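First chain A sits with chain B, and in the next complex the same chain sits with chain C.
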Partner chain A sequence: MKQGFRQSMAWLHTWSGLVVGWVLFAVFVTGTATYYRAEISRWMQPELRREATIAPEALAASADRAVAYLQEQAGGARTWFVTLPTPERPLIELFWRNRPGTPPGHVLLDPRTGAPAAMRATRGGDFLYRFHFELNLAPLWGRWIVGLCAMVMLVALVSGIVTHRRIFTDFFTLRRDKAAQRGWLDAHNVSGVLALPFHLMITYSGVVTLALMYMPWGVTAAYKGDSQAYFAETGQITQARPAAGAPGTLAPVGPMVARALATLPGPLERLTIVNPRDAQSTVVAVFEEPHGLSHEHPQVAFAGTSGAVVEVLSGGLAPAARTFTTLVGLHEAHFAGTALRGLFFLCGLMGCTMVGSGLVLWQVARQPKHGAAPGFGWRLVHGLNLGTVAGLPGAIAAYLLANRLLPLDLAGRPEWEVRAFFGAWIAIAVAGAWPAPRRAWRGALAAVALLFVAAVLADVATARGLWDDPAWFLGFDLALLALAAGFALVSRKVARFAGPRRARAAGAPAGVPRMGPA
Partner chain B sequence: MSRSPTLQARAAVAGRVVLAAFGGYAVAALATALLSLTLPMPRAEAVTAATLLSFPIMVGIVVVAFAARSPTRAAAVVGGLVLALGLALRLVTGTFPIGFGS
Partner chain C sequence: MTMPGTTSPGLTLLVCAGLGFLGLAALCLSLARHHQAVWSHPPDHRRRLGLRGAGWALVALSLAVAIHRDGWAFGPVDWLGALTGAGLLLIVVQSYRPRALLWLAPLAALLTVVAALGVPG
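On to the complex of A and B.
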């Protein structure tokens, strides 16, 4: 690093990008899919019947049924979480947190009967959502690894910007027909530069969503580490009400729901019931985020035993807190309508392309000269590149496929879907490690395309009779087919163009595979 | 790229990586704590603003660690910052009890 600033930044960009690229690719792909988390969940539970509207009385009755179930099944829990039914998802979702050491509970109820809903068990889009920031590891490990990689990504972005002398020209440069390395470089530059504001925003705001975990020292210094007090003081959550330690009886929640709906406008999303059997129990009614960028849920807190309102939170955050919630809101894009969400999705795909083409670029730039055997490092990077860039999309396709093919009454069905996800990932990565690189890429990408086609075929064959809105399901299947077509196209391009220096030496027109798989 | 780096070069790179990771985090963490206590705004706001700033601060330190002419120079800059921030924090928390706000 005795050279200039730009050279040292180029070095930093290359190596920091490579080291975290595989994790980042997984984070980008699952994060991009998470823009359609609700849609993925709906596709994975075709038994669900949507409703036109849900009357306030029905909402209150659902809340009472939810609490009746929890009193019976989860009386000892510390906190109950009740997600109330919406027209798009007319289900009660219950989650309860037990004492440390006891795993939390989770169940979906039919809001009409209060009995467990008769639907195939699956983790749906939630699996991809959690994978996005926990990588299916223990939450603490996963979040730290993803946070570390995101920080390195910020460094790679900054050093990448410095490295590009002609950032504006790079906008308009895609030299497909020059050497393979140029093509990958241009793909990397176009996808990186075109969506650069998005990449910077999504990486920084992603770190911010877990900022208090990564950087708790401000709270340590100013609040002696009491993060609940900090969040309450910023106005993001209602004041904590510690348990009295004496038993108490929870008042009916139906009237509290009615009262909350009368207090604040907007759809009611969920109830949080803290210390449900304590004399100081608290019921918090949490509303959906109102229109706007900021991620802030209006809330009404009730004293659980009396049903009296103790606090109402509705907007009015101070500037820094509002900046924080706006960054979180920008990351989640809950504010985005159909068109804007589509744009976020496209930007996410550009992010996947940027990371994927960057990884491949490292590999192509160091391709062994004709006749020379690749070294161990090169083969390792090749194996990891292929295993990630082709393996992860294949794993997602296998996850969807398993959802349609596994027996409906299989014990532990959600876990088997996840096993299918990792099984396909490992299979593609292992199978791709042995053949010659070009054949491996071609075969692996074709396999991914086939898996997506298989998921669509399995959907039509097994679930057609369940579709409540055939046009919607066909639209989802069409999107899967578009993904399959994309992978098939890249596979073909790789087969025709990528690589053999022999062909180029012989004077054949050498082309370049287009951008990495979407 | 083709010639394999010397052991000394490798050690220099490893040193910068360690410095960037731990030194960068230390500077960011100390700056967050210090700004949380000293920014002229309500306590909750100061903590939020300081925490939001901490990540750009860390990125800046990482860039410095890799851009500095020699690893020693990088270590001197980062070490100096850690020392200065640590002293300032000590001064603030020494004068005022922890939990001082607004």
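On to the complex of A and C.
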């Protein structure tokens, strides 16, 4: 190796970061939004009415209504998932898995009547949540792409630390009076270094979340590939009960719910009913995670035909399994209260800033000399940068806007919202590819700001009468307006930016960016 | 040690963030560039050592408070989160309005004391 260690790390950082940067930006943005997944879902279904409490008897009755609906509509399904109502979300959510090759089913029921809930159909925050690790692709493809990008991100993080010469002296430095490249480098360094503990934690724990998929060999060797057996033996789920192959009748689930509530403390979250029409059917009552870093759901399993308890699972994980569940718990941050969740969200935004500013930095550092035509590579990176950094936030705004503007009785409404998401993304990316770079950035960022403002206006105009808690909805709208203001501000800065005379006269350096001042 | 999460986690975070802000501000001002932005001259040797010592002590105190209040599992998470938020505020303030530190630091100290008094235990 002719170059020094630091130079080779700078090369590695620049190129590993560029190659995965676009996917990582999407993963960071949707992941950051997912900290408020429940809130996004609530905003997207303003018809929802929250309740003060839900009595245990009402919970049992809801479970019975859910099973009645499933017996009628999804009798042949392999597994039923019943999410029980909570005061925050008083709905029964049903999901069922059919035979392989047939799409799964999904419906929301009103817990009082057991009929489908009268609410606009939407995928809500769940769409962004799934996009975060599947990119709206087939799950296997999406998870592999996101996972590989996350692994490269770990490489980029570590090589970035090595490359950064003045990590302590520049810790607090955000120079605004120097050339554009200096400013972007400072923004990249500050957002990267300040939230470095978060970035390392979130990337590593993100890979660990799906580690069994990326590295299945341990389970292949020890459990013959049966990951359910592995999860059961490590105490993360209850033992699987294989189907008997003979028909059986499911006992009423209401008493099982009552029994589960008497067995374990804490709120009951959902029921999983496996092989519902088999003689060996199983009902598993899954509780919410108790307060703790670790992601663990206490569970009670019942024999479906008799309603007898077959297993109670509550804590007591072995150290290895507990390490895994703690990393998953840290990644999801379900334990975080309002203030801490706000800080996680802030760290997520800094992650978005780090990836976005890194992408722009590549572009700025290689800006063609005044008058020279940019090469194909530069134009390609510019187009992808603009398409991702402005396109994705614009897509999210369009997704929210479509939620308010599409006709309520439109067939396939959730799919149309997703089409609006991708339509806006493509439109911004394509429209931004033609004009001169600075005009393109200014216009695209302004368009994103306008889309967020439009979503707020559409909310106030069409859904005002539906709000069950106007202060809450106005607060959400205010957050959207803050995002709009942020994009408008950056758009204005792009339009007004003039580098210092010295830098303009010399022309921006065209070589590999220096990662720290020499 | 109190039970984690039983009382006002927001106040604990505020105390951590306040101590973290003061600590990071002291560390920041121990650097010539940032000291100059506030007082238009670099710190002398004694002042630099003093600021640096106070800075690390306050950051460490912030961690100690977090662990005392929220235990070994949640404490470090709270601490890092609060420190990151405080650091971001500090960086934005000292690159746009460096002299605002002269009144922000006393305000942060006051808020920290008030929040600390509001935290039982």
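One rule holds in what follows: the second predicted complex is superposed on the first by the 496 of 518 C-alpha atoms of A that agree within 3 Å, B and C clash if a C-alpha of one lies under 4 Å from a C-alpha of the other, contacts with A are read in each partner's own complex, and residues count from 1 in each chain.
Keep this in mind: contacts are C-beta pairs under 8 Å (C-beta built on N, C-alpha and C of every residue); 3 or more make two chains touch, one makes a residue touch a chain.
Keep in mind that what you see is a predicted model, and the values were worked out from it rather than measured.
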Combined model on chain A where chain B meets chain C, clash or fit: fit
Chain A residues touched - chain C or chain B, whichever exceeds: B
Partner chain(s) touched by A:Trp144 [first = chain B, second = chain C, both, neither]: neither
First (chain B), second (chain C), both or neither touched by A:Val190: second
Inter-chain angle, chain B to chain C through the CA centre of chain A, in degrees rounded to a multiple of 10: 90
First, second, both or neither for A:Phe324, with chain B first and chain C second: first
Touched partner set for A:Ala211, first chain B, second chain C, both or neither: first
Partner chain in contact with A:Gly337 - chain B first, chain C second, else both or neither: second
Shortest CA-CA distance in Å separating chain B from chain C in the superposed model: 19
Shared chain A surface residues [contacts with chain B and with chain C]: none
Chain C-touching residues of chain A, taken from the complex the two chains share: 169, 171-176, 190, 194-195, 197-198, 291-293, 330, 335, 337-340, 343-344, 346-347, 350
Residues on chain B engaged by chain A in the complex (per definition of touch): 1, 12, 16, 28-30, 32-37, 41-52, 54-56, 58-59, 62-63, 66-70, 89, 93, 98-101
For the chain A and chain B complex, residues of the former touching the latter: 1-2, 5, 8-9, 11-12, 151, 154-155, 158-159, 204, 207-208, 211-212, 215, 217-224, 230, 233-235, 318-321, 323-324, 327, 366
Residues of chain C touching chain A in the complex: 4-5, 9-10, 13-14, 24, 27-28, 31, 33-34, 73-74, 77-78, 80-82, 84-85, 87-88, 90-92, 94-96
